[in-house]
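Each of the next two complexes has subunit A plus one more chain, namely subunit B in the first and subunit C in the second.
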Partner chain A sequence: MTATVRPAPVIGGVAPGDRLDLRICWWITVGFYGLFGVIFVLLARVMPPPGADLSTEQIVAFYADHRTTIKIGFGILMVAIGGAAIASGIVAYEMTRMSVGKVFVYTYIVSLSVGALPGCLLAAICCLTATFRADLDPQVTELLFDITFLSFVGSLGCFVANYSILALAILLDENEVFPKWMAYVTIWQIVTELLAAPVFIFRTGPFSWNGVISFWEGTALFGIYMMLLIRLVRRNITTPAAVS
Partner chain B sequence: MRRRLLAMVPSGEDLDVPGSINMWLFVVGELFIFAFYFFVFMMYRTHATADFVGSQRHLNLAVGAGNTVILLTSSYLVALAVQAAREGSHDRARRLVRWTVALGVVFMTIKLGEWAYEVRHGYTFPSDDFFMFYFALTGVHLFHVLMGLGILGLVLHELRTPALQRQFVVEAAGTYWHMVDVVWIVLFALLYVLR
Partner chain C sequence: MRFDAQRVSLWMSATFGGILVVAFLIFPGFFPPMSPTMSAQEVADFYADNAPLIRASMITFDFCGVMLLPLFTVVIHQLKRIRTSTDVFAYCYLSAVTSGAALLALANLFWLIGAFRPERDAHLVQLMNDLAWITFTAPVGTMVAQNLCFALAVYLDQGERPVFPRWVGHFNIVTGLLVIPAACASIFTSGPLAWDGLISYWLRLATLGTYMIVMFVVLRRVVAEELAEEAGSAEGDLALAVG
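Let's turn to the complex of A and B:
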């Protein structure tokens, strides 16, 4: 992608420059997503998700096997979740440099903020409850397990709005803050989010919450999207402007 | 090494493609994504061919074929619109794009009617693996038709505004609409025809 090495555009006669405050926010963003990956994949073991067709006994065993790591992982997340605000804030800052109206920025921030509740916090809290209250009725544990993964994989409305508004902003932006192809990469996220909706219906197969389409394909494309977005923000905040 | 690799990738301005290089990247990516869905469909179908064929009999081949003709015709019209825009006949191009939009709407209406028919007869999303793929894949395709109609709406705005009328926008929209058509042809073959 040649666009990633081009100098950042100058907007309103002001070069984005090499600003320390933005660099700090960028590193916090990278650190937050790194921590997010460690917590969800290595500690809490919810990525990749366990099967949607587990029996009650298997679910109880899942929590028993990973009790300590879930407590450590999601316990850290309860403290570090604020990093999500900086991660969306730095993209919102880039959007303020676009030629589009501020309503795009507000929509981006609000949709991510609301989406983080079912997409991250509710899942983590249900998982923590199931592990900290080990004497729960197994059927209640099963309910918490279902809520964890249905909200984690199946909550998509706010994210669809989030991706849509970012894609539209990039396409309409005349300042070329982000290259146009990034809008299309963002549109792919909308499609994969929509295909996560069937997780409420299917317990097995490609559209279950650990299915090859609903989970794996969406996660792979999200990884690519996130890396490109972080890379482009980095380009904009560190590359000296071509014209001053 | 990295710089040498990057030098091998032509930038947008260096590539002489109709429309926009970004749209081509988008279309190629979309085709990869759909190819993945088709691959997963074929994996499941191979393991239960008889079941898939049994459920497939509940689809109406004539309706599927009719929708294929409608979409192919719309693709032909959008190609004519690109041609007209190239020749500077923007009014003609606009009329052709309007017809393309109309056929896209007809396609969507028929598809929604077909869904309603299947559901009324008890064939729903969770009925079996075939109908799971049928509703999911035609649903994703329908979403792309909807996006295509949005893009064509943008083209109508371009063609109506003398200060705009940018050729690459018309061509990029045509590129996207052809992709929607190509994907449908494969879907039609997999869901309706393949025995």
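Let's turn to the complex of A and C:
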């Protein structure tokens, strides 16, 4: 194989492959996803999501029961959300080392940073708005509940675009920045987004936003995908294998 | 005279930033800021009484808010000039700026929807008002990440002639820290952390205003230095070619 990977720049005394900037971003990424799990699962209780078939009274009760932890969790997320940008930036950097050229990098970044809005921020803002006042009209609470989960589970296109470009980049890359099997793991992410599309139609069953397929299968595969991606980035930044 | 995209970008942001200040000053709910403790009926009455100015202000906001982006793209270009580390912080910065701009576009939309039919059920007008204020004030995370990445890139700049002076890194850290408490505006309805409070509103806006002005001045100088360097090396090349 031809050595087409740019050699890593040497930063004042730090050897290539042991770059401080990348290590900082990697640790922030790990910290962010850890915090993300704590916020969504333990604090805000939106993962796993409450049922799409709850009655208006049950929805009001859901917010009443979890009011404090939702406020703490999503309040923290308002500050921590920038971690998503750093997580996207470090993968984008790895993509710049691929032989396919840099253009894919911009689609990768922009699709994720636009996706952060429907996929995370809008859901969090609506959840916070639903807990902001204790005397909210139940109909309004129900509307915010629907916006929260339909945007959180149902934001599809931004992520499909993001996964598609990453999978393509990995497949077409000759520098083996990521192993080819990671492309197939990424393609499975596209499948999970397609399988989440029915959340807009069903309120019960496997295709509802808390269903076995639309939520559980998608979330499990996302967890695996993200862990693998983080591991692979770690491998790239710790081993001085920047030049093949 | 040859136009340079960076200089044009900086002046675009400065110009539209100036218009934003005017839009800000004419918004009836900013001086003083509307209180989160207003009842639904009070909010609805406020929108009904002030609809023309709310619309004028927020339509202007809609046009000009995202026009601040060019200044941040100049930052991205300058971050990429730092040769002693990778471009990773520039990419993180781009990602954070994009999400931040989208949030700004969303907030003023909520205000405009509230003002569109102020005669609707008062609870719904209040809902749009809550969404607008929370979206406008609380998601500070994009700016925090932006400033952190900027500062880290500046600190790791080991070049003989650093692109940015060190203090601009410190300045970004401090401004990032000062806006963090505003996240609490999504939680509290009264006190200094509420969206109309001393910290979440006045401190945050003063910080943002100062930040934009200082960064404009800093970037003007940094861009001028880059252009002078380029001109210098171009002359050198010419001398070599002629010689």
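We take it that the second predicted complex is superposed on the first by the 225 of 244 C-alpha atoms of A that agree within 3 Å, B and C clash if a C-alpha of one lies under 4 Å from a C-alpha of the other, contacts with A are read in each partner's own complex, and residues count from 1 in each chain.
Just so we're on the same page, a contact is a pair of C-beta atoms (placed from the backbone, for glycine too) under 8 Å apart; a residue touches a chain by one contact, two chains touch by 3 or more.
The structure presented is a predicted model; accordingly, all values stated were derived computationally and were not measured.
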**OP:** Return first, second, both or neither, reflecting whether A:P50 touches subunit B, subunit C, both chains, or no partner chain.
**Re:** neither
**OP:** Scan A:G31 for contacts with subunit B and subunit C and give back first, second, both or neither.
**Re:** neither
Subject >> Which of subunit B and subunit C A:I125 touches, first, second, both or neither >> reply: second
Original post:
After lining up the shared chain so the two structures overlap, which partner does A:E217 touch, if you call subunit B first and subunit C second: first, second, both or neither?
Top reply: first
Original post:
If you stack the two complexes on chain A, which partner ends up touching A:D137: first (subunit B), second (subunit C), both, or neither?
Top reply: second
**OP:** Could you look at A:I187 and tell me whether it touches subunit B, subunit C, both or neither (first, second, both, neither)?
**Re:** first
Subject >> subunit C versus subunit B, contacts on subunit A by residue >> reply: C
**OP:** Show which residues of subunit A both subunit B and subunit C reach, each in its own complex.
**Re:** none
Subject >> Residues of subunit A that touch subunit B when the two form their complex >> reply: 1-3, 5, 179-181, 183-185, 187-188, 191, 194-195, 198, 201-202, 205-207, 212-213, 217, 221
**OP:** Quick one: which bits of subunit B touch subunit A in the complex? Just the residue numbers, please.
**Re:** 6, 9, 11, 20, 22-23, 25-26, 29-30, 33, 36-37, 40, 44, 125-126, 129, 132, 136, 139-140, 143, 147
**OP:** Please give the residue numbers of subunit C that touch subunit A in the complex, ascending.
**Re:** 36, 83-99, 102-103, 106, 121, 123-124, 127, 130-131, 134-135, 138-146, 148-149, 152-153, 156, 158, 180, 183-184, 186-187, 189
**OP:** Would you tell me which residues of subunit A are touching subunit C in their complex?
**Re:** 8-9, 11-12, 19-22, 24-25, 71, 74-86, 88-90, 92-93, 96, 105, 109-110, 112-114, 116-117, 121-122, 125-126, 128-129, 132-133, 136-137, 140, 143-144
